[in-house]
Structures are given as C-alpha cells and as structure tokens.
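Note that the chains take the letters A, B, C and D in the order they are written out, and that residue 1 is the start of every chain.
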Amino acid sequence: MSKINLNWRHNQILMAGLIAVALFIGGGLINTSFLSPANIGSILAMAVLLGFAAAGQTLVVIAGGEGIDLSVGAVMSLGAVLAAQTMAGQNSNILPALLLVILSGATIGLFNAAGILYARVPPLVMTMAMANVVTTVQLIYTHGSPVGMPAPIIAFIGSRRLFPFLPWLAVLGIIVLILMQFILRRTVYGQQLYAIGSNYNAAYLAGVRADAVKGIAYILSGILSSLAGFWLIAYNNFVFVNMGAAYVLPSVAAVVIGGTSLAGGEGSYTGTLLGSVILTALANLLVVLHTDEAGRQVINGLVLILLLALYTRQPAIRQ
Amino acid sequence: MIRLWRRLRLSPAAPGYLLLLLGIIVNILVQGPDFFTSYNFNSLLAVNAPLVLAAIAQTVVVLTGGIDLSIGSNMTLVNTVAIALTNQGHWPVGLSWAVALAAATLVGTGNGLMVAYLRIPPLLATFASMSVVGGLALWIWPKPGGMVPREIYTTYGAAIMGIPVAGWIIIAVALLWLLISRRRVGIYLRAVGGRERSAYASGINTAAVKFFAYTFCGFITGVAGLCLTALTASGDPKIGQMFGLNSVAAVILGGSSLAGGWGSIGGSIAGALFLGLINNIVFFLFRNYVSHVQSLTSVASFYQQLLANLIVILGLASAALTQRGGALGGLGRRRRGGRTQHV
Amino acid sequence: GGSKGSATDAGKSGQSGQAGQTTKKSGFNIALLDGTNANAWRIQMEQNMQQVADRFKSQGIISNYSVYVANNDATTQAQQMDQLINSGVDAILINPVSATALAPVIDKAVSKGILVMAIDQHINHPKVISVTNDQYEWARIQAEWLAKQLNGKGDILQFDAMAGAPANEVRHQAFADVLAKYPGIKVLKQVNMDWDEGKAKQLMTSLLSTYPKFDGILCQDGAAVGIINALQEANHPLPKAITSDEWIAYLRLWYDINQKNPNNPLNAIIVENPPGIGADGLMIAVNLLQGKKLKDGVLTSDPMDKENKNAIMIKPTVIITNDNLKEWYEKTKDKPDTYYIDSVLPQEEIDKLFQ
Amino acid sequence: MLQVQHISKHFGGVTALKDASLSLAPGEIRALLGANGSGKSTLVKVLGGLVAPDSGTILLDGRPLVINSPWDARRHGIAVAYQDLSLVPRLSVAENILLGREPCRRAGFVDTRKAQAQAEELLARLRVDASPDALAGDLEPAAQSLVEVAKALAWDPRILILDEVTASLHHDQVQHLFSLLREMSEKGLAILFVSHRFDEVFSLCQTAMILRGGESVASVQLDQVDEADVVYYMTGTRPEKSRVVTAREEKETRREVILAVSNLQVPPRVRGVTLTARAGEIIGLAGLQGQGQAEFLRAIYGQIPFSDGRVEYNGASVAFTSPREAVRQGIGFISGDRERDGILPVRSVTENLFLARLAKNNPGTILNPNYLQDEAGRQIEQLGIVAGSTAHPASSLSGGNQQKLIIGRWLAVQPRLLLLDDPTKGVDVNARREIHDLLRQMAASGTAVLIASSDNEELLAIAERIYVFYEGEIVAILQGSEKTEEALVAAMLGMKQTRPEEGT
C-alpha cells in the first residue's frame, strides 16, 4: 500500500509552503494592503494560535490507531479560564498559572488515554465525550463567569510585536516548532511515536512500550492544548467561557493539510504550522471580499477544494 | 443461544446492539413501564430518525475508509431547498422535496468526485464541502421560517400498522441498503475500505466504488434531511449543524471502525438510537429524581450534560470490553490482558 | 411554522387559546427547556429564573420547576419537549435552538392544554407567546445613536453576530432600516463574528489592513471588547463611536480608557439585553396559568414573524453612555467581569401587563 | 503465448526494470529468478496491471496486449498471487477468494451459497486449513499465502503467476501445491513461478528467466544448468564452495545454559515442550506448519502467556508479560511475517534499523540523526541491503531487503538470546547465506539462537541441533549424523514417535 509514498511527505510540506506563499501573493494582488507588514504580522499571530491548538493534535494523529483529539477546544477553554484566574493580572502568578494549566491539561489527557487504552473506546468518541465533560466542568466551576486576566508580561508576548510583521507570538511559535520537531525527530520518544503509528504491532514486538507511548501522546496533547488556551487568553487579553471551541475542526484540518496522514506514522509539526498559516491566510483574505457570510462560506470552501486538489492528492495505486 | 452470542460477538455490530440493550435497560429503570408506551416509541423514533439515517449514510462512507463531515450541512441544504421552493417558489411539495433530495445526492456526487477521482483525503474534501454547502443553505434560506403542510408533519409523527412512519422510513432505507449490500458492490465497499490496494489488485474499480459510496451517502443524507424537515416542519439555516459529528459518533458507537472495511448499518442504527436514549435517560433521571432535591436544582442543568457524556463513555467502554478484539487482526488477540493491536 | 389554517386567528388565540382552561391557581408544574447553557448570558438567565421559581415555590404557586438543556441540538430539544408533554406539565418555557423547528411538538403540547412560551428568542408559532427583549429596538436605538454621533455621515464597519440566528437577523434588519435613513453613512464592510469576542478581535485585526480609515463601528453584542483590543494592539485610533456589548468587562474597559484619556473619552453606548428576560417570562407564564388575561395591545408581532401577534417584547430601559457611565461603573463594582447588565421586571410591572 | 519485450520501469531515481524480457508458452512452468530487489515483483506487477511500465511491449498470442489495470490482466486470463498478497484482512476467506468475480443470481445478488461452495472447493483442492467464513486477517501466514493462490486460481486463468507464495509454506504444503501445479500445467496452464528456494525451482520448473538489476540476463533450461550457474547469472560471480558447518560441538556441555524450558504449555498449540539452549548454540525448530513452534517462541518472548511449565533464562525463572520485558533482558525476536510483525512501512530505513535499539532506550534520550543516518548507511552496506537511501521509507524496499533490514535491527542490539520465526522468508540465496553467516557470528559471540524455519534445507545447514515439533510436542531431536533430510521429514510427519531424552 504505502510503497507509493516515497518522498511524499517532503513534497507535501514543500507544497504547503508554496501554497501559503501563493496565498500571500494572491492576497497581495487582490488587495495590496494584504501584504502590509502589519497584516502579515496579524496573520502570523493568528496562525500561531491555531498552530498551538493543533500541536497536540499532530502528536495523536501521528500515533495512529485512528488517533484524533476532539477535546482540544474544550481543554483550551479550560486552560484559558484557569490561566486568567490564576494569573489575575500579576506577573508573580505566571508560574503557578502555568503549573495549574499544565496539570489540568495532563489530567484530561490522562483520562483520554485511559479511556482509549484501557476501556478501548475509539479516540474520536472518547475525546468528543471528554470535550463535553470538560466544557461542563468548566461551566460548573466558573458558573459561566470566569474571572481574571493575563499577567502583563504574558499579555505583552501574546499581543505585541517585535517588528510590525513579527508578533512575539510568532517568535514563541518558532520556539515551539523547534521543540516539537526536536521531540519528534531527535528524541527516542518521538521515534517511538512514529513507530507505533506506522506499525503498532511491530513496535510492540520490538520492545517499545507501545501503550505508554500512545498514552503519553494523549497526555501531551492535553498539556499542549491547555497551554494553547493559556496563549489564547494572552492574545485576547480577556477571558470568557468556551473560548477555544472554534478551534476543534480547524486543528484537525491544519494537521492534515500539513501532510500528516490520518493513518498515522508520518507527519511533522512544520507541516501543521504551514497548514495553520494556509487556513488563517485564507480566512483573512475572505474577510475583505465583497460578499455576505453565505458567499464567504461558499468561496472559502471552493478555494480550499482548489488548493486541496492541487496538492493533497494521493497518488494512484497503479504506478 | 450460545451460538447466537458467539456470532453476535463476531459481528461488527456487536457493540452497537449491546449499547442499545444497555440503554433500554437503564431507560426502563429510570422511566418505569412508561417506556413501553407507543407514544414513547413513536416520539423516540420520530425525533431520532434523522440521526439514524445520517448514521446510515455515514456508515456507507466509513465502510470505504472515508468520512463525510458535510452530512450536517447537507441536511441543512435539503431543509432549506425544500422549504424555499415551497414557501418562496410556491412549487408543489412533492417536486420541491424531490429537488431537495436530488441536491443532496448531487452534493454526495461532488464529494465522490473529490475523494474518488481527485483523490483528496476524505476528511479534507468533506471539510471543504461542508463550508460550501453550509454557505449555500444560508444563501437559499437565510433565516428560520417557512412551513411544511400539516398533513406531512402529522403523518410523519403518526404510526401505520403500529409502527411509526419514521420507523417505516428507516426500515425502507435499511431494506434499500440490504438490496445494495447483497450485490457485488456491497462486498467491494468493504474491500475498498479494508485494503484498497488489494481490492484494486483484484480487478475492482476502486474509484467507482468510492464514488458510488459518497453519492449514495448523499442520497441517504437527503432522506435524513427530508425527515428532519418533516420533523421540524420548517426551514432553518442552522438546523443540521450537529449531525455531522453526531453521525460519526453514532457510527463508531455502532462498532464500525474509522479505518474502514469493518462496520454495519445495524450497528449504526443501534448507535444512533442509543444516543437518543441517553437524552431520555438523563431527562427522566432529572425529572423523576433530581428536580425534587431542592439543593440540586440551581445547578441541575449543568449536570445533565455531564451525566450524558459519562454515560456515553461508560457505555462505550463496556461495549468495547465485551467485543472480541480479534477481528482487528491476527496475533493480537492471543496477547495477554486487555491489549489488542490497533491496526 | 405551524399550520396555515391556524395562522389566521393567531391574534386572539395567542391568548385565549392558551391559558385559562386550568382552574388551578397554584401548584403549577413548570419546565424550562434551554437550548444551551454554555455561555454566561444563559447561565445568568437560568439563575434569574431559578430565583423567581424559588420565590413562587415558597409561595406554593409552583410545585415543580425543572430545567433541561439541549446542547444546541434542535432534535434533542424536540425530544425533551415530547417527554415533558408525556409526563405532564402545566407550562413549558423554551429558549429555543431553532425558531421554527419545534412547531409540530408545540401543536401537540397545545392540544393537551399545556402553556408553551418562548423566552429570549422568538418562536414562530401562532399558539406560542414569545417573551423577548425587543431586539429590533435594541439595535435601532444603537444605530440611531451611532448615526447621530457621526452627524449622519461617515464610514463604518458593521459586525453582525451569527448568520441565520433569529436575534441576529432582527438586529441586522434594524441596522439596515436605520442606515437607510442616513445615505451619508457608508458601510465599508459587514462581517459576522458569531458572538465570539475572540473571533471579533481576529476579524477587526484582519480588517485593519484594508480599511484602516473608518469613523464608527456598528456591532452587535459580543464583539466590542475584541474590537477595541484589536485596535489598541495595533495602536490604531479608536472609532468616533461604537455600539454595545453588555458585559461588565466592557463597561470597565470603557471606563479605564476614559480614565486614561479624560480629554478623549471613548464614545460608546451600552443598551441592555438583559438575561432577566427569562424571569420576566416565568412571571408572565404564572399569571397566564392563573387565568389572568393580558391587556389589549400588550401582544405585538415579532419582526421575524409578522403574521402572528403573539410576542411580548420588553423594551430596553438601561442605556449607558458617557453621561451615566460612572454611575453604572459604581453600581456594578461588585459584579464579576462576565456579568451582564441585567434587569428583572418587578412583579408589579408584570402585573401591569394584565387586565 | 505470452511475450514480454523490453520492459523498463523507474520509480523516482530507482530503476526497477531495465529492458526486461520474458516469454511463456502454454503448459510451461517457468521460474523467474533474481536476487532481492532485482525487479521480479515489479515485472509480475506489470503483468498484473499494478505497475505501468515506462516502455516496452507485451504480446499475447502474438497480438499486442495493453494492460491498463488489474481488470485488463484478469480479463485476458492472467492471474497473479502477489508476494505482498492482495487479501483484504477483514473480509472472509470466501469473499477474498472470489473478490471481483462473485457468482451472482439473476437479480444481481451475490449467490453466497455458491460462493461458499466454490471457495470450499478451492480450499480443499489446495488443502488450506481454514474455514471460508474465517476472516483472512486471522489466518496464519501460510494459510494466507494459499488463499492468495486460491484467489488467483478462482479466475481460471491461462497464465498463473506466483510471486514467492511458497515462502511461508511448509514442506508438505509445498509438495501438495506442486503436484497441483504440475497437473494444471499438463492441461495447458502457463505458470510463472518466483521463489528463492532453489530446490523448489529445480523440482518444479522446466525453464527459468533470470533478472539482475532489472535486466533479463539469461533464459535457461533448468535441466542444463546447476545452482552455481544460476547464482552466477543472478549475481555475476561464482559462489564460493559452501562452507561446511563445523559447529564446535565438543565444547557444548561446558557452555553456560541461557535458556532452559521445561514442560511448557501454551494451549491449544503447545503441549509440553522441554528444551535447553546454551550460549553460542544455534538450535533449529522444525515441524510442519502449525505444530506449535510459533507459539512456543512467542510464549518465551512474552507476547502470549503460557499456562504451565517453566522458563529459565540466565538461570532465573521468568514469565515475561510483554516483549518489552524480554527485550530489556537481552532477548530478540524476528518474525517472518514482516508486514504484520516487523516493518514500519512509512518510516525510513534508518528508523527501521534502529527500532530495537531505540526501544531499549529511555524515551527522553536525545538522538543524533546524523550519526544514526551514517551508522545506518554503514550497516546497510555491511548487510548488503539494497535501498535508494537510508532516508527512504522501508516500504520502497524489495521484500527480501525488508527482511534483511529487520534482521539488522536485532544485530544492532546484540541479544543474549535470539528467537527467530521463519526469518528468511523471501530472502534470496545470497542474502540467506549472509543472514546465516550473521547468525553464526552472533552465536560465536555468545548469543543463543533459536530458529524455527519452514525451510528444511536452512535448518539442516545452520542448526547444530534440530527439535522437531509435532502436535505441540517434540517428537525428535536430531543432531550430528542423525541430522539428515530423510530423518527430518519423517519426524515432521510424526513418523518417528519415540520421544527422545532431552539434550545432552
């Protein structure tokens, strides 16, 4: 089956990059101010937010076994709420806030992992049900009225720019990219993750603690999503319930557009970030089109189809 | 009996049936004998038929290893087209509804083209078409309104020969599926989902099979959309939203594997009904017990969702644990403990 | 929705067809079907209603009050309604997922003599009384105010909420109606922010590149905080005028901006869209159950459903501008950021609606 | 009747076929030979319609034949049993066999009863021990291979192509298959037979076409050449006279015991096996398919539990609950079923090679990819693995090379005890010899090697001692002079029922 995949990933990342560039050029042609440094900066910031939301998603999709995490949005929301409340606008509270956010994300990830590994619930439904549980817990906890705000330093990173075209968030994004790629490419864990995604049984027989590797992927996904929520309130500077809800499907789309196969075993965070840039740039471009919401949705879909037809085509079976 | 049990455990639908059984038992426990009233059955089927049909539609593409995220938007499209044509275009109802059904089938065809011939990964292709179709629905019928002739929605809610009309529709669609699945294409759908390369190497036109699956999925989605229209007796550009992911959930609850090649319509029907039963269970639990407890009432509504989702997880876990893992392939089944291989 | 046949006699049926059959004066069994409770506004609505329900309970007027949420799923709501009908209630209050989707079940409820009432969001059905905030008025007041602030001319950006949602459509219409009277005002761009402040912020950020020059911002609620945040981050001057967002966080943001720039205050308006509407509806429902009759003229037609005259629309009373900002800032000091400017009509005011 | 002329095929930078030609006459059984990666399967796939050749022509009965899809091939009477199989694991055996040619009733419904009967008949003819209702994915590898053959036969072809279908078959199964093939060829069926087992080739085929590096280098009458000639055509060099196995049997009692198994029971397949392996020993496990060898090895390895008996490893009694525990204690396991148990198809050669090493490491360990890449480069050169690059996915390697890759995986960790379950399946002569050398080297450095094989020749060549499994028990232990083909076959068939005493 996969003999066809020779060098496939490389092409797809390259193509995702090219499409992203093409979108910018196309956007610039339609509307010169699209290419203003300020606008590029704001697209990058939003893309990085989506990229954060899709970080954990990347890991669980790579882990294979129909891996997917639909709790990303709910965990982000919870992370945002906890972050805002704990930071309460004080720099001195950043560390406790981070710890709490990480802990809560890890806990939810642990539940997901337990359900998937021990109760053998398929990931899609497990994480979907977990998302609803987390949302409800968040509502019970806050009674719909989360309080607090990001610490000044965090708000600064979340919403200010180093250069007009370069938000601090993008700098953070690069750090996360390096970290993620480091984990995936340079650590034993990363290689084991690819291994179980590619052939779970073979990895297990070779002595990989396959269940643990997969479980950790879900726990990491919880942590990363929760941290994404942390940065979401840093970016927004204000908190409300269900802030992350809108990120669920786009996070999956960003991962897949970035060349990570839903079958597991291959993919990269570089691709995910490029996928995020593509989705964000497209949305940004659509905002200025002269049509109503219905038209925007139709055009959004059509452009996506065009892009997908250009570069996510799977090779034919016959070679 | 034992043989039946063994056969059931081998069937992909096993988790679905088990869940449904579990759901019914718990429902009887909280609701009492009222569960068996025909009113209850009627309403359960009438309200849940759209999801049941959406789940059937989803199963067809999931069998081929695909997924259709656009089912929800497509149902909305059917609803808005049917309503707009009768209420604005003043077309006869029959014709309007036929056109709506055709539109849904056409959406399926579009998805089929993208997946089978352009070879775009299904999740992405239908993610994109979800946006196009949702936009179209919004354009056709931008705000809730319009109506369906009384005869239609009262008929939809009624029963014929003791079986609710919604039940008959489900039976008809299931029979249609039976007619199809007993033909070669029925095997080919599972073959393509099970291992596309093998199916292709066996001389099967795999692209055509996938194309058919999405088109057929579109058609059933159309029927689901019409049922939704009959149920709600009106048009609303946001009405179908929840059906996309819910149908996927129902299919998985019914024992199908998203990896393809493994699943059954029966399981999905059971999975969808189970989701409907959960609403019932939660409703009666709160109505009969919780709402009398003064200290709980102020927070009660939060706990409904919590409970509903815990039931989903518990139900799933119990169904998964009773299902044989061996069908998932090879030596895994001979391993120790609860492990199965995830191929 | 509903049947064409019954639509003609809607005006009177809205009242007479509903209540009055019951002879009880107390011990009512009432249920609320909320389409979702996953936002602060709805939670506040439910809390207000619970308080009123508790009051009625202690008076013995209500014997049972229960709440069911539908997770934004119209068919779940229909199922809940069906079960309620089956298990016996006197009144069902609904904050609907869809304005139309419940029509057939409502027919069933009505035929069993159950009082069905929509709260917050209108239901298009001749036999259903909808008790809502007057969304048209809410939007009209603001659009008029904005036009006045701009002296009838200038460029504006318009942030609508969620396309296809009833309240959005009414407000959109009101905006359009008012703007039609001011040809000097040009809408540079209309977008939908889906009641999501985060999305509003992203949209504003995106719009800035193409529409750096604008005079005013006409927005529905759930957007202003995001919009102002986006502008501040981009160091972009604030608009000459901007419309409502009813949570306290916005009020405070506004107040802070003014504190920092006393000479150049933000020119904004808040018009209340009180979650208390649910409690108002509950009180009205109890009166109806007790057989009281509405005064003539109380029922009007909802802009979304002109055929029927079965809506009670409560006009917004709280309007906040720079004139009374400080007063409201002080008044709401102890409320959390996500609290909504709220008001529940006192029982006397409710009773005034009745004969 | 079939003529294949000047076929070329490139995959990216890799040349799989270069001007390859072949002819096949009715009733002819021709072998297609070549080293791993020489293009045999590619040529087979060109004929089967799975690969589109870059250039070249195919003539059938003198007329040009365009094969644009597997359907075209089948329509023209060409049926293929693929090396990597064309089964759908979650379809039943019957559905698999008749996939694409289901018998139908008039209304277009599949006639399941007829299908069942047809499948049953084919299964019986091939003597496959499987129910038509079973899922194909649940079968043993050997049964899967036979189902793949049955599937090709179901088409009633004029030309039958078998790509290494015997690789996982056992002696008796091969014999039966051959008699069937001979019978059919007498009736005019043309057969193209791919195998790395020379004894099979010489016993079954009349002619052979030999590929080297994608080129057809010779077409020979097999009765006019010997093995050495064939190897010469395949590799371009004459094989050195095969070294005689001179294991240092004298010292064996003094060598330390690494594994001592007594009365191991793994229901239902293993019913009391006792066996001892010492450092430096290569022990063979023989037996027909399904006599418990596979389960025996897997039970020691911790993949499946044993119900009774005792396993002593390095002097301590152990009962591993997962392969991981075994691996951590220095045990390695190689399965011949690489698709299921071995290969990471979409991962690079490098990653495949270092999987076992990585599995032993702490997950937090940091890797040096450059080092790994270089190291991998060196190793694949040493192992003689043909790959485009160490960064290419393992799935782009030929079957035999994939298998060598997996063996290399365990060399890298130098286990104390190495368990092998039919490891040279689909490996060419040279590579097999190399693998045997590797195993001998490992043994020489103190590893105890336990190897089960479906290939008797292999066992006779490499094992110092052969334990013969029959119905879950050991019925014979062959060593020294008893180690003959005849004795082995007799024991395998259960003919020598004297239970010998456990190893001296």
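Odds and ends about this structure:
Everything that follows uses one rule, which is that contacts are C-beta pairs under 8 Å (C-beta built on N, C-alpha and C of every residue); 3 or more make two chains touch, one makes a residue touch a chain.
All of these numbers come straight from a predicted model, not from anything done at the bench.
For subunit A, the chain whose average C-alpha position is most distant is D.
Looking at which of B-C and A-C shares more C-beta pairs in contact, the answer is the pair B-C. Here the CA centre of subunit B is 34 Å from the CA centre of subunit C. Here the spacing of subunit A and subunit C, counted between their Cα centres, is 34 Å.
Per-chain Cα centroids separate subunit B from subunit D by 44 Å. Remark: subunit A and subunit B have CA centroids separated by 28 Å (rounded to whole angstrom).
Residues of subunit B in contact with two or more other chains: 138, 142, 195, 197, 200, 302, 305, 308, 330-331, 343.
Listed for subunit D are residues 49-50, 69, 303, 322, 340-341, each touching two or more other chains. For subunit C, residues touching at least two other chains, in rising order: 37, 47, 71, 163.
Chain contacts in this assembly follow no simple pattern; the graph is neither a line, a ring, a star nor complete. Across the whole structure, chains are in contact as follows: A-B, A-C, A-D, B-C, B-D.
Only residues 1-3, 5-7, 185-189, 191-192, 194-195, 198-199, 201-209, 213, 216, 261, 265-266, 317-319 of subunit A touch subunit D when the two sit together in their complex.
Within the complex formed with subunit B, the subunit C residues making contact are 1-5, 34, 37, 46-47, 50, 64-69, 71-76, 78-80, 82-83, 86-87, 98-104, 108, 124, 162-166, 169, 304-305. Across the complex, subunit C is touched by residues 34, 37, 39-40, 43-44, 47-48, 50-51, 138, 142-150, 153-154, 156-157, 228, 231-239, 241-242, 246, 276, 279-280, 283-284, 286-287, 291-292, 297-298, 300-302, 304-305, 308 of subunit B. Only residues 11-12, 49-52, 69, 301, 303, 322-324, 326-328, 333, 335, 340-347, 351, 354-356, 358-369, 388, 392-393, 395-396, 409 of subunit D touch subunit A when the two sit together in their complex.
Within the complex, the subunit D residues that touch subunit B are 48-50, 69-71, 73-75, 80, 82, 85-91, 95, 99-102, 104, 108-110, 135, 137-138, 151, 295, 298, 303-305, 321-322, 340-341.
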